[in-house]
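Supplied in structure tokens, the structure appears directly below.
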Amino acid sequence: MANVRKIINDPVYGFITIDHPLLLAIISHPYYQRLRSIHQMAFAHLVYPGAVHTRLLHSLGAYHLMCTALQELKGKGVIITEEEELGAKIAILLHDIGHGPFSHALEHELIPGVHHEKLSLAIMQELNQQFNNQLETALAIFTNQHPKKFLHQLVSGQLDVDRMDYLNRDSFFTGVAEGVIGYDRILKMLAVHQDNLVVEEKAIYSIEKFLLSRRLMYWQVYLHKTVVAAEKMLVMIIRRAKELIAQGVRVTAATDALEYFLLHGAAKTEDRSRLLMDFCSMDDNDMAATIKNWCRHEDRVLSYLCQALVERRIMKIRLQAHPFDEAYLLQTRSEMAAAMGISEKEAAYFVFWGEASNSLYNPKNETITILYKDGQLKDISEVDHALINVKTTIPVKKYYICSFRSH
Amino acid sequence: MANVRKIINDPVYGFITIDHPLLLAIISHPYYQRLRSIHQMAFAHLVYPGAVHTRLLHSLGAYHLMCTALQELKGKGVIITEEEELGAKIAILLHDIGHGPFSHALEHELIPGVHHEKLSLAIMQELNQQFNNQLETALAIFTNQHPKKFLHQLVSGQLDVDRMDYLNRDSFFTGVAEGVIGYDRILKMLAVHQDNLVVEEKAIYSIEKFLLSRRLMYWQVYLHKTVVAAEKMLVMIIRRAKELIAQGVRVTAATDALEYFLLHGAAKTEDRSRLLMDFCSMDDNDMAATIKNWCRHEDRVLSYLCQALVERRIMKIRLQAHPFDEAYLLQTRSEMAAAMGISEKEAAYFVFWGEASNSLYNPKNETITILYKDGQLKDISEVDHALINVKTTIPVKKYYICSFRSH
Amino acid sequence: MANVRKIINDPVYGFITIDHPLLLAIISHPYYQRLRSIHQMAFAHLVYPGAVHTRLLHSLGAYHLMCTALQELKGKGVIITEEEELGAKIAILLHDIGHGPFSHALEHELIPGVHHEKLSLAIMQELNQQFNNQLETALAIFTNQHPKKFLHQLVSGQLDVDRMDYLNRDSFFTGVAEGVIGYDRILKMLAVHQDNLVVEEKAIYSIEKFLLSRRLMYWQVYLHKTVVAAEKMLVMIIRRAKELIAQGVRVTAATDALEYFLLHGAAKTEDRSRLLMDFCSMDDNDMAATIKNWCRHEDRVLSYLCQALVERRIMKIRLQAHPFDEAYLLQTRSEMAAAMGISEKEAAYFVFWGEASNSLYNPKNETITILYKDGQLKDISEVDHALINVKTTIPVKKYYICSFRSH
Amino acid sequence: MANVRKIINDPVYGFITIDHPLLLAIISHPYYQRLRSIHQMAFAHLVYPGAVHTRLLHSLGAYHLMCTALQELKGKGVIITEEEELGAKIAILLHDIGHGPFSHALEHELIPGVHHEKLSLAIMQELNQQFNNQLETALAIFTNQHPKKFLHQLVSGQLDVDRMDYLNRDSFFTGVAEGVIGYDRILKMLAVHQDNLVVEEKAIYSIEKFLLSRRLMYWQVYLHKTVVAAEKMLVMIIRRAKELIAQGVRVTAATDALEYFLLHGAAKTEDRSRLLMDFCSMDDNDMAATIKNWCRHEDRVLSYLCQALVERRIMKIRLQAHPFDEAYLLQTRSEMAAAMGISEKEAAYFVFWGEASNSLYNPKNETITILYKDGQLKDISEVDHALINVKTTIPVKKYYICSFRSH
């Protein structure tokens, strides 16, 4: 057994230990190794050049926090079997396995209508077959069918280790020190009450900081104007390519796998294993190389957008609290059409609008339950003098317009 | 002028300030932006998954240290004009501009016989033309023709800011905390004596740590067996592809630019600007996408190597202090040829050998001069009781054999 | 001049540079050196054992941030003369010079009615005489009589470098990582508008984090029950000693200076210089040694409190949002009197109560003004969707009872 | 049991967990709490103002590393019973319990001829009695009488957790970042071979860095001229005080306990428990307060030295590789005697000399044994191409002269 122990250096946590042969086998699987080539933060590096860390490192980090959380809970007398422990670790290792190239940015473009969590589940089921049903418990936890609800809540919930790792890791790699969260303190304050995850009273201020860090990271990083605009440009590029293909124009991808998905989406095949294998052969490189080739495509809309993205001439985005006047929006688009000598329809690739929102904490969907010393339970939004009051739980919605001109 | 000031978040140094329009223009140039897509450490992330930082971030970091070093020297009364300051900053920003895909790993494969420093110089000259000769001083400093030798020594020398940044940054992103160097202390101890860079006596222990950090990073990270083996695999892939092309076999790259260099090297054209433009359109993505396509190539040697690299089945390397017995080497290769049913010549892609070396400090080529309080100057290798004695300056050479089997 | 440059290692900021002979002279003065022996956080180390840093280090840190802030403002075109720069640096170096043993804890006990800021001013005036009026500008800035109000606001205001340093430093030394603030980002966003300090729009989220860090540090650290209780114990010890002295009981201090203040307060002398000199010869050691001696004092109240404090048997404190029932309070005291066989009056040293409060941000007294890109100015409490709404600006008041029993 | 779990914030390691009632009882004991008031680094804060951390924090940190080391070894299959684990933890918690005021500086002055380790043992034996022989295993480990030698080696040896913590912690608090060691990597590489502690081959470079960090910390921090000179001044103060007492001059200490030891040393009493109790009531405060009182003592030698130390006018020390010329030494002393109008004998308090030494690694006394993958064992000094060769194992001896004048 000694030789299955593997130690991985991580700049955020120091060392991550893998000490079970099944975990090592999963990590070595090409579907998992693929995550090496998918950036965790897509285009965030355009603004924060350090933010080039990968989904592989994030999922290893989340796994590390899961190990710590389970250790703490067991130390407090919570009963967790070896099988459950392994299951929870596998579930978190694979929670993002369904991400495709450029993650969220292309989520609904390459395989329309399929959320990455659905793909993660499909791939996990595929791996379960390949590994002789050893992932059954992991699947039960991932799909919240395991009776110990807290195991699922550690994978996906208001205080899950996924969120703790990505907030912390994204802060670390962007260099936005203020986003750093006190994950170690929160982990030490976790407890279980009636099979659900709760936090001890002493953690209230840490939880507040955690929620505020999310808020800060959303507005300062994840929804940074340049980052959002670059993602929108990529979406427009894919949409244009698919539109051209639909019109019969020859548009080839740099790699076979991406070409397949551009031409067919997920529609054509009945063979799910084959489809997953194809999907799992794609990563950011397929898309990046393709965009570089398209810089010279004859379609002016496609090549313009690709060149701009490659040379980092990112569209300008304007955000405001109230919707834009529709006349203004249409007028801006018409001006662009005229300036570039293209149709109104084509100009829709260069001038477009929509809305973005972020909720700090929504007590309806998810809860953070505080366990008081006297056994009392309260949702954090009900704590006296707490920062998280009704006002801050209302989602903040903003409206945007995006184009190549300053607004 | 206020609007040319740009602040960039850096996880290593916090904030990097760019405050001159020419610097901003250079950074915005596509040739520079290309460095976003070239990993600083090629395959090191296979072992240290955090080490995915880019040449762009490294050169910004080195630029930041240059700003600090110049500030310190001016604070000590060293005369540096604004022109020289700007020149030194540009020289360090562009010092790695000539790196191609996978940096050192492919250095001599894509454009045989051309070192990346020569390419850096060529690109810098091209940019000098594009920017109306504003890079003259930078070029003089880069090529060591500027009378203030210390400016060149800050760009390239035993204590240059390039080395300081990459040791520090690579330590940071790999998570090898022991490689961290006391760069801020060394920078504060820099001085100039007769136009040459020297360090004050108080810095001796910091310099020793710096040299030891280099040694540690070399053996623990840069020359890590898996990292070296992956680089060798990439070299073999390119060599095989070129061999096949020479034989008339159809081998296509995922992108136009890479295809051009595979087919022609740098040989065909007389138009240097065009050649540089083509070269500067390549980055890691071209190579990565190409290797993924070649996984299905009909040539068994090529597809086997590509699949192995993509799925992270890295060759095993064995290092030892003395040369391997030649009979053993040839025998190992023959066995491989027999096992795979390929020719001896083809087996040379799967079993090969050579030597690797690293010198801690070589007093013949370069020097670190210590300035004593009494004005005396000494090379660090001559300091009493210093760690860096004759023994440690002898390069350590190791011999290796590389194949898909454990040795 | 080169030899007046002094570099001090600081675990928080790396290096602090002192580069003016007057600054060096002030730092070398025994009144300043005394701050070496006054803990920044009094009894916080009872809970956070790393928090033993001194007022000297804090004031050097605040000085460092002042240097950075002035540098940034000058870089943005704000005119600050050398005289003003030196003045601001001296003002911040000396802003806490008036602190006595155990800082805030004993503030109103040793010299009743004299706040430490008043003492800081008196000592600064004394030093101004000793240094031939070279501190005039520093005094004008400290007392807010200098026309450039922003200089005073940097010393004392909602975003002063004092607060930035202590929040950051106290977080660092306590190990409460969540308290760390993005001081470098805030400093880079400072600006001056009509001689007043403002912050740029981009800093809004950093400011929110800063205010929340204060809140977290207050409740988690500064007002930690054990820390507050230990401070109260020290106050009770001093009060008892003075009461005994008033009754004619022999109570001697370990050092001459402390003895003087116990016997006379500040009342007796007319010679201010002498009084300040005596005051400035006291530090934490005088008090600590004295308490150790009093462990064997014949008065049972005094010796009991001293022994408990030395052996770290700290009183228990209970906090609640509403006042305690007076009958309960008196009853608790009576029980203690009976249990120890002491009078009700003596029992008041063992059972006592009061209130503690903390306001996150109070827009009436102080303001943080946001400067928008379009030149508009807004108080942060008026920013749309900001976290800092009316609710959070109401001071949170809590009521406490303190005794040797759990409540 | 849940309520005996205590978590302590530590700026260096984050959180330290105490989870056994006996450990909590020992930590709460006044003899242990006393370590709160003894600086780990005596006078180092005169040069590195952040270095005011205490022996209490250091011993908690060493305890934390011990927990980690034991965890790692058990994870590798080394058998360690609960009793042995508790014993090792207690042994390291108490390893420095015998330190008196100003630690090493006064080691041989207050209780002549008694090393702090002997006192630690005596106090540990006393605590063993108070805690009903529950410290038997800890005592066996501390005195190296336990058959599992590696437990003692973790407490005291070339790679003990004491050294790992103090190097790391002292680096942290001084801000000398270069002294930071890769303790987590070394801990992960520890192994046991025939009951002795060894390290795995992969740790060689980390061990080299560890040895070099020691070297750097010694010359840059522990043997810093100002720090050493201040220690020497304190020694001279105590010697003078004792000399005056011997002459019948009245010299009183600020506290009763220190007075006792000044008058009697350890000579008078037969009651060991009482003697230890008295010793354990002393800390840095007794000495600091006393020195402040002595600033006004009538003896000119005593008061001069005390004033100089309090006001931080530290003697100058000169170090050189070869012994000083004796005529020069005596001449310097005579000049001082003449200048101050004191006797030659008295001048010996103001001008004195001696030698200081530091050995990087001495293979005769202690060893670091490397365990190779093939089972081979080698002392690190015999490793090929290693940095630690014969030359570096020779102790570096330096000669000094100390006085109030620059040399």
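Order of writing sets the labels: A, B, C and D. Residues in every chain begin at 1.
We adopt the following convention: contacts are C-beta pairs under 8 Å (C-beta built on N, C-alpha and C of every residue); 3 or more make two chains touch, one makes a residue touch a chain.
Since we're looking at a predicted model, the values are computed, not measured.
Chemist: If you tally contacting C-beta pairs, which comes out ahead, B-C or A-C? Let me know.
Modeler: A-C
Chemist: Taking each chain's centre as the mean of its Cα atoms, which chain lies farthest from chain A?
Modeler: D
Chemist: Please report how many Å separate the Cα centroid of chain C from that of chain D, as a whole number.
Modeler: Chain centres of chain C and chain D, defined by C-alpha means, are spaced 32 Å apart.
Chemist: Rounded to the nearest whole Å, what is the centre-to-centre distance of chain A and chain C, using the mean of the C-alpha atoms as each centre?
Modeler: About 44 Å separates the centre of chain A from that of chain C.
Chemist: Whole-Å distance, chain B centre to chain C centre, using C-alpha means?
Modeler: Centres of chain B and chain C (C-alpha means) sit 50 Å apart.
Chemist: Send over the residues of chain A in touch with two or more other chains.
Modeler: Only 14-15, 176-177, 184-185 qualify.
Chemist: Give the list of chain B residues in touch with chain D in this complex.
Modeler: 176-178, 180-182, 184-185, 205-206, 208-209, 212-213, 215-216, 219-220, 321, 384-385, 387, 389, 391-392, 396
Chemist: Provide the residue numbers of chain A that touch chain B in the complex, in ascending order.
Modeler: So the residues of chain A touching chain B come out as 8-12, 14-15, 28, 30, 33, 36-37, 45-46, 48-50, 52-54, 56-57, 60, 172-177, 254-257, 281, 284-286, 288-290, 292-293, 296, 310-312.
Chemist: Which bits of chain B are touching chain C when the two form their complex?
Modeler: Result: residues 2, 5, 7, 14-15, 19, 75-77, 184-185, 188 of chain B touch chain C.
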